[in-house]
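As written, the chain order gives the labels A, B, C, D and E, with residue 1 at the start of each chain.
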Amino acid sequence: MIIARVVGSAVSTIKAGKLSARKLLIVQQATVRNELLEGNPIVAVDAVGAGEGELVLVALGSAGRQTDLTDQAPADATIVGILDSLEVDGHDTFNKS
Amino acid sequence: MIIARVVGSAVSTIKAGKLSARKLLIVQQATVRNELLEGNPIVAVDAVGAGEGELVLVALGSAGRQTDLTDQAPADATIVGILDSLEVDGHDTFNKS
Amino acid sequence: MIIARVVGSAVSTIKAGKLSARKLLIVQQATVRNELLEGNPIVAVDAVGAGEGELVLVALGSAGRQTDLTDQAPADATIVGILDSLEVDGHDTFNKS
Amino acid sequence: MIIARVVGSAVSTIKAGKLSARKLLIVQQATVRNELLEGNPIVAVDAVGAGEGELVLVALGSAGRQTDLTDQAPADATIVGILDSLEVDGHDTFNKS
Amino acid sequence: MIIARVVGSAVSTIKAGKLSARKLLIVQQATVRNELLEGNPIVAVDAVGAGEGELVLVALGSAGRQTDLTDQAPADATIVGILDSLEVDGHDTFNKS
């Protein structure tokens, strides 16, 4: 899963299949220190009730459909976890609280 | 899903399997401000009745087959939503109307 | 699907599973104007009877197995359409005839 | 599979579906000589009891769900092997012991 | 499928699920002229009895599981063909014999 920060949201009235009624958030890949990376953000379905500004885990590809909310939905990116903390080489690099 | 703009269309008479009779559109990845990104466009199946110039969501990979129109079709990119608006950091970056 | 030009062919006697007896073509990604892009070509299974020099649509990933010829074959790239024409921003960029 | 080194761990209390109770490790792609590559690390589910500092094999995409621990879990990256040794061009490039 | 050369092998005693007992080879992407490309090699399961130095076809993603040896194995890269020859623009670029 990639580490990403929720930076916004998308509204789409006309959506295909089981994507209807799903919350769509804009996520930008981030470092383990919660710094945004270069590159274009993507739109992910929110499966965990994430909020703007939170650091999350995004599952890409068919993995993104392995949740109750995204089963059989045409979603290739799903927020599957809200990060509490990250540790690298014995040091905390991110702590939510 | 990636954010993309419909920039054209493709005609292919000889198509494999359930790709037959599907509308093929050319889409180019775009920013949250509806600016086209560098890079080569791809061809996507239209599952939502999108029109040229519209900003859309494109599902890549097996996610692209999770619609009635693309079920079991050899399609790795499908337009699955028409974007109404995008919001980043509390500001509207795109508004269709 | 990516737009690609058939630039050659591959011969492989020892192939796994249902890849046996399949025609393998070398394809190079191309622009909407049928110009070859930089980058290394890939090998794709031909599901539509494409010929060398033709501009085609290549489905990547599991989509490449959604044809009669590639069902259950270990193929991650399949030619699924022969392009007749491409139109971008209201102008023809490619026309086969 | 990519060659990667376990460089840390992630804690996420709120996780979707069968990702709950899975150990999440931070892995960074590495060379055959166990040198870390540039690029952002990803978060992978540990299916083999890997420890920090170990060189491992990470399966990406749907392959990552082909283990007892990750079956039907929204995981797109799974540690599926602990590397003992690597040999390139007749020379050992990595040896764990 | 990508064109790659077998450059080495990997030993991993602790492997997940049906990856056990599979031969793991290190493969590096190559040109149609059998020249190695830049970039880090990956580890692939050998489904065709390939040997070091041979030019092969590697199937990535779920395609890699469509062989008897890799069915349900957590493998995202499998050697699915040994290349005999490659032809581009009417010229032989590679010939094994």
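One rule holds for everything that comes next: a contact is a pair of C-beta atoms (placed from the backbone, for glycine too) under 8 Å apart; a residue touches a chain by one contact, two chains touch by 3 or more.
All values reported here derive from a predicted model rather than from experimental measurement.
The minimal number of chain-to-chain contact steps leading from chain A to chain C is 2.
One inter-chain figure worth recording: chain C and chain D are separated by 33 Å, centre to centre, where each centre is the mean of the chain's CA atoms. We define each chain's centre as the mean of its Cα atoms; on that basis chain B and chain C are separated by 20 Å. Each of the following residues of chain A touches two or more other chains: 61-62, 64-65. Think of the chains as beads on a loop: from chain A toward chain B, the beads read A, B, C, E, D. Interface residues of chain A, counted against chain D in their complex, comprise 1-3, 29, 31-32, 37, 47-49, 57, 59-70, 78-90, 93. Partner chain C is touched in their complex by these residues of chain B: 7-19, 24, 26, 40-44, 52, 61-62, 64-65, 72-77.
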